[in-house]
Amino acid sequence: MSEHALFNLSAGPVQATARTLRSLSKQIMYHNDPEFIRIFDETTEKLQRLFKTKGDVIIMQGEALLGLEAAAMSTIEPGDKCLNLVSGIYGHLYAYYIEAYGGRLVEVRTDYRKVIDPADVEKAFKEHPDIKVMSVCHSETPTGTLNPIQDICPIAKKHGAISIVDSVSAIGGTEVEVDEWGIDICCIGPQKNLASSPGLAPVSVSEAAWEKMRNKSRPVRYSYMSMLDFKEQWLCEKEKRGFPYTMFTNEVVALNDALDQVFEEGLDNMIARHKTAARIARAGAIGMGLELWPESEDICGTCATVVKAPEGVDEVQLRRLLYDKYRITISGGYRDMKGKVFRMGHMGTAAEPALVVMQIAMIEKSLHELGYPVKLGSGVGAALEVI
Amino acid sequence: MSEHALFNLSAGPVQATARTLRSLSKQIMYHNDPEFIRIFDETTEKLQRLFKTKGDVIIMQGEALLGLEAAAMSTIEPGDKCLNLVSGIYGHLYAYYIEAYGGRLVEVRTDYRKVIDPADVEKAFKEHPDIKVMSVCHSETPTGTLNPIQDICPIAKKHGAISIVDSVSAIGGTEVEVDEWGIDICCIGPQKNLASSPGLAPVSVSEAAWEKMRNKSRPVRYSYMSMLDFKEQWLCEKEKRGFPYTMFTNEVVALNDALDQVFEEGLDNMIARHKTAARIARAGAIGMGLELWPESEDICGTCATVVKAPEGVDEVQLRRLLYDKYRITISGGYRDMKGKVFRMGHMGTAAEPALVVMQIAMIEKSLHELGYPVKLGSGVGAALEVI
Amino acid sequence: MSEHALFNLSAGPVQATARTLRSLSKQIMYHNDPEFIRIFDETTEKLQRLFKTKGDVIIMQGEALLGLEAAAMSTIEPGDKCLNLVSGIYGHLYAYYIEAYGGRLVEVRTDYRKVIDPADVEKAFKEHPDIKVMSVCHSETPTGTLNPIQDICPIAKKHGAISIVDSVSAIGGTEVEVDEWGIDICCIGPQKNLASSPGLAPVSVSEAAWEKMRNKSRPVRYSYMSMLDFKEQWLCEKEKRGFPYTMFTNEVVALNDALDQVFEEGLDNMIARHKTAARIARAGAIGMGLELWPESEDICGTCATVVKAPEGVDEVQLRRLLYDKYRITISGGYRDMKGKVFRMGHMGTAAEPALVVMQIAMIEKSLHELGYPVKLGSGVGAALEVI
Amino acid sequence: MSEHALFNLSAGPVQATARTLRSLSKQIMYHNDPEFIRIFDETTEKLQRLFKTKGDVIIMQGEALLGLEAAAMSTIEPGDKCLNLVSGIYGHLYAYYIEAYGGRLVEVRTDYRKVIDPADVEKAFKEHPDIKVMSVCHSETPTGTLNPIQDICPIAKKHGAISIVDSVSAIGGTEVEVDEWGIDICCIGPQKNLASSPGLAPVSVSEAAWEKMRNKSRPVRYSYMSMLDFKEQWLCEKEKRGFPYTMFTNEVVALNDALDQVFEEGLDNMIARHKTAARIARAGAIGMGLELWPESEDICGTCATVVKAPEGVDEVQLRRLLYDKYRITISGGYRDMKGKVFRMGHMGTAAEPALVVMQIAMIEKSLHELGYPVKLGSGVGAALEVI
């Protein structure tokens, strides 16, 4: 009964390539084995290349949320005014961290079918010149939109605030330029467009961010969530360094291989592949008469396409039919979006024209079975047109 | 150049069985896939059986230290008096967590060649009847000793304190009886005697412990380190539950398989195998004229044997020779123990008579090469005698 | 650059399931290891179940052709009159073996768009009452047709001839009833509908066939192609038996697992799945205006659908485009069929509605790119209709 | 219960490296996939480098015996006088092939504790100047000896005979120089010193050998055992070539990787490693008072050490004890040698000092348990001395 789902076309984690799985299956290593240390260093360098930064990159061991929470815990001094930008669910949730670690919350919010307007950010900084930290979600997977980070982060920089960016589902699927855009802390996850495993939290950290962490009245050290531990115990003199805790070597080995695959394909080609996949998905959805959740195509994300569930169709039933009968997993609405939308994933291994087309065809068929009036072939035909 | 080390006979993580690696290499699953949820539930039940508890078990995603720190963060109310028992390095380090989360530290300490005397614990509780939390390391891998948890935890229970036990390197290699001994929070790691991966932190939690967490003035919720999140979001009604964050499905699948292997062997047989391996290791070490670090054999741990580096031999050189020439990894002294001892690992896959004998033989040979006067064959001969 | 082809939808070998690949990746065993012998015995029993025979099954180590040639070499006495039935390329080629091993060839032939008429077989036996051996290909993959073995083999039995049936691409995709239909030697391959590896040649052998082999003037023994070696050295008393040569244990382990998967799914369900896949493929091809090679749908095979290359389209270019741009492998015309047809594979792992639909969609798109006038979506639409 | 044997220290097949197993576990490819063809070509080139030949190398799909029998079938013209050199069991068995394919047998035989004296070969050629084919086993694994191929093959060349050499267990463990020594047909197996899988039969073929095959009155073509098929269908113009049968791609991929590992280590280093392992094994056996089967150490093979079973010890019991209790597989006596000897394997992955030492230790212990009077540690001590 195992591995019922042939195709995981969800909003992530997605299927790894067979090559990445082979790397993941290598024997578990002693974390102080010189071989592993070499691989860890290599991986770190490749991440710098991925982030487009000359600054530090650390690899925390845990799901992406670990990096995001650690960023808040490590940087926010109780009482700091923190600007949180909210255009979707992940943005909305970040406020919890800010408040849990003592920040005073200021928010810029927008309708979840739109994205943040940089002008509103500028305005917020003007109103609150004492903002110390700004947090924003780059790619909102639950709603399928992309915030204009390239325009937002420079504003924070200009106003002397530390920016924390959640690029978990953006990296590899759209441009991320840490140094160029002045992102102080950029958190990613290997399990989305990179198609690796969800147990590592790579984070880029600028000098300004380290400074902020060290200057806290009680800097976070000797903790599983401490970023400073990595800086001080690992990113120090090579002879003295040691990991703050036992690393799970296999995930690093797998990520190292996944990054090789990124650069063998070419990061730009990979991003282009995601954009193409998203374009095909949108054409297919529209072709079968459905409506996209985001207000316009130009703000759509590249890792998943969020589609409104048509009148009279229960998206839960749709997903169950696809899973049970066609062995395909897609995603439903997340939290507040439940019941309103379904999500077509096309990230990493799923960002492949043939797979997107297959997904459209089987959604078409399933909707038809559920009574939605669609001419079979219309979605796929429209999708094939734009390839 | 990869996989230079043929045999990882370190103090952990150790090599997984080929079967566990195959499980680890299964395709990454969507964490809400019904198949994964079934496997997760199965794994949880097997962990209860391993812990010998009818109480709750959660599986946090991170290295074992995550569970240990989360236990402190989740239970300690600022101002709580906390008794920390110190017979080795891990015990010593736990004080950091206690202080970081606002506890008032009380300690019972002993020489690192000895173990905690339950009478001293009793005395501490008498002197400090307001102790709210007691923490203790069960198996001190750095010094190779086993604390008498079976006698210590009932004392805490009797005095109404929550006990936090670090059984990371004890579980599977020696008896652990969570319900019988009244352990409130027991933290383990899959990467030691269970020979699985080091990215999960299974923790058993008693009702009393949940109560303590809920009764904190500011309970820890919506955090990567929150145990209550698991209780409230996952261990609730089946229809409503969801993981607090994206689980790395492969590690759970691997642990599930590793636990099957435990019960196929029989937990008692597995513990006996570790005890035998440790006995062989001690006989071999003594047979070649070396001295054990622990004061007596009856307090020795079963996962690693800690041996004093003989006069005139640099343990770092010894390990390098073993690694470079014989492709064997053993462990050195950890932190304060550096330079004083080396550690022969025999946990999990390494708790195999043939492998322990091999380790002894090659240590013998290496010490001989480094000028230590040993008759070749003496260690192995002594070891073979006790098999 | 490795693993460029995402989907191998060829006429076989096809992709194994991840589970079968994991079995294939188990450590190579010593072929006399008691564990392996147990697995070998289990596999043999499962093959009997697959063949629907109570008779012997042997597993020769080599590609399926090894079994087919060994059947000729082992049974044909020089001078024996042999009836070879030819409705396609594999039937045609069998004549070489008959002649190489000294048989006198008699043939019943038909147009490659049709199948053998049992009446013609009856007639041949009447004309040549001294026929000793009859050979026939069950599923002609190159032309996509299925011979009515159920009607043909009883005729050979009635006339006292040994029947040799090539069910390599039939088994698992259509009914095969060795005992019921009186097949004396049935040769199969694991690499087609069973989706296992192409290095083993399982063969069922009836008592009559063993008798024929033993009664040859010079029985074939001590040879890589000897079937009698297996009978006499392996299918003898358990205490005395030994393999005639070193078995590659991994392939047997993989086949054993693949057979478990067959019976977990249910052999009947599996056959139905192949029939459905073939029906979808035909509907899709016809839907986009193409013509099937076989004269009528009722004689079509279930493992591959053979389609005439449309006027003006080079099937080599079509396949190259699918491979290069869409990472899909389909098959071209084999030998004499080169340039005339292309073949859509839907066997084993590829016999999955979603994959057949995907294949149709991408063929549609590719034909369109090559100038073939097809309305995009027409093939897929027709295919979705019949699911 | 699976994978009971931890260490396969048999006379082969042996355990593959984890890396080779990963290659073996790659997805099964369509054999005409351009990627596979590239890998096949690469593998062929690496085999030429391994054989040290500029001549042709083919890779037949089947166990090593397939190549050996095919060599006889392809080259021997009925009536040809064939010189078979016999110093052990494999040499002895080759006579069957010679006679089966119509050769007239001439033999030079020696005691199985010795090796062939080239002077006797010279004498045989003088007595029978019409010898057309000479066959000899290079490394006789059953008796643990190495024939002086370097001196024998030039004699055949001088006398115009085609030489067929069985280097199955020699290649990679001792020097093999196909061109330098004038070997016409050299048959090897990947499953011995190369530690890859036993389902392929690589063979080097000289121009003279091709000539002999083509000049047969009835050349062997269109047969699973035809070497000419490979020459004419595969080693022809690149545009026209095709495999004579479906290749099992995974084994080629695995062998390709195993060969990379050979050259990364360095072929000379690899041979030296095998010689060292053999030296350690002999020292250990002698050190515990046992006697080697071969008459002198200088004729001993490097892949396995054949030791006389001591008086009063049943070698079957010894092996069972090692397997059941210590999870180690060694080999017993083969065919006529049954009961007289046991065999310590140290080929491929087992040619590792630590593993040879372990093997000695556990044999020592097991013999001791079976009542053989040995001072524990004596064998290992002697072995450690010679490392």
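Here the chain labels run A, B, C and D in written order, and each chain numbers its own residues starting at 1.
The rule is simple: a contact is a pair of C-beta atoms (placed from the backbone, for glycine too) under 8 Å apart; a residue touches a chain by one contact, two chains touch by 3 or more.
The model shown is predicted, which means the values in this text are computed figures rather than measured ones.
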Apart from chain C, which chains are still tied to one another through touching, counting links that pass through other chains?
one piece
In terms of mean CA position, the chain most removed from chain B is C
At the chain C/chain D interface, shared numbers over all numbers used: above half (same) or below half (different)?
same
On a C-alpha centroid basis, what's the spacing between chain A and chain C, in Å?
46
Distance between the CA centroids of chain B and chain C (whole Å) is 54
Chain C and chain D: spacing of chain centres that average the CA atoms, whole Å
33
For chain B, write out the residues touching at least two other chains, lowest number first.
1-3, 18, 22, 25-27
State the interface residues of chain C toward chain A in the complex, per the touch definition above.
1-3, 6-7, 17-19, 264, 326-328, 352-355, 357-358, 361-362, 364-365, 368, 375-382, 384-385, 387
Residue ranges of chain D in contact with chain C within the complex:
1-5, 8, 10, 12-16, 21-22, 24-35, 61-66, 69-70, 96-97, 100, 189, 191, 197-199, 222-225, 245-251, 323, 329, 331
Applying the document's contact rule, which stretches of chain B touch chain C when the two form their complex?
18, 22, 25-27
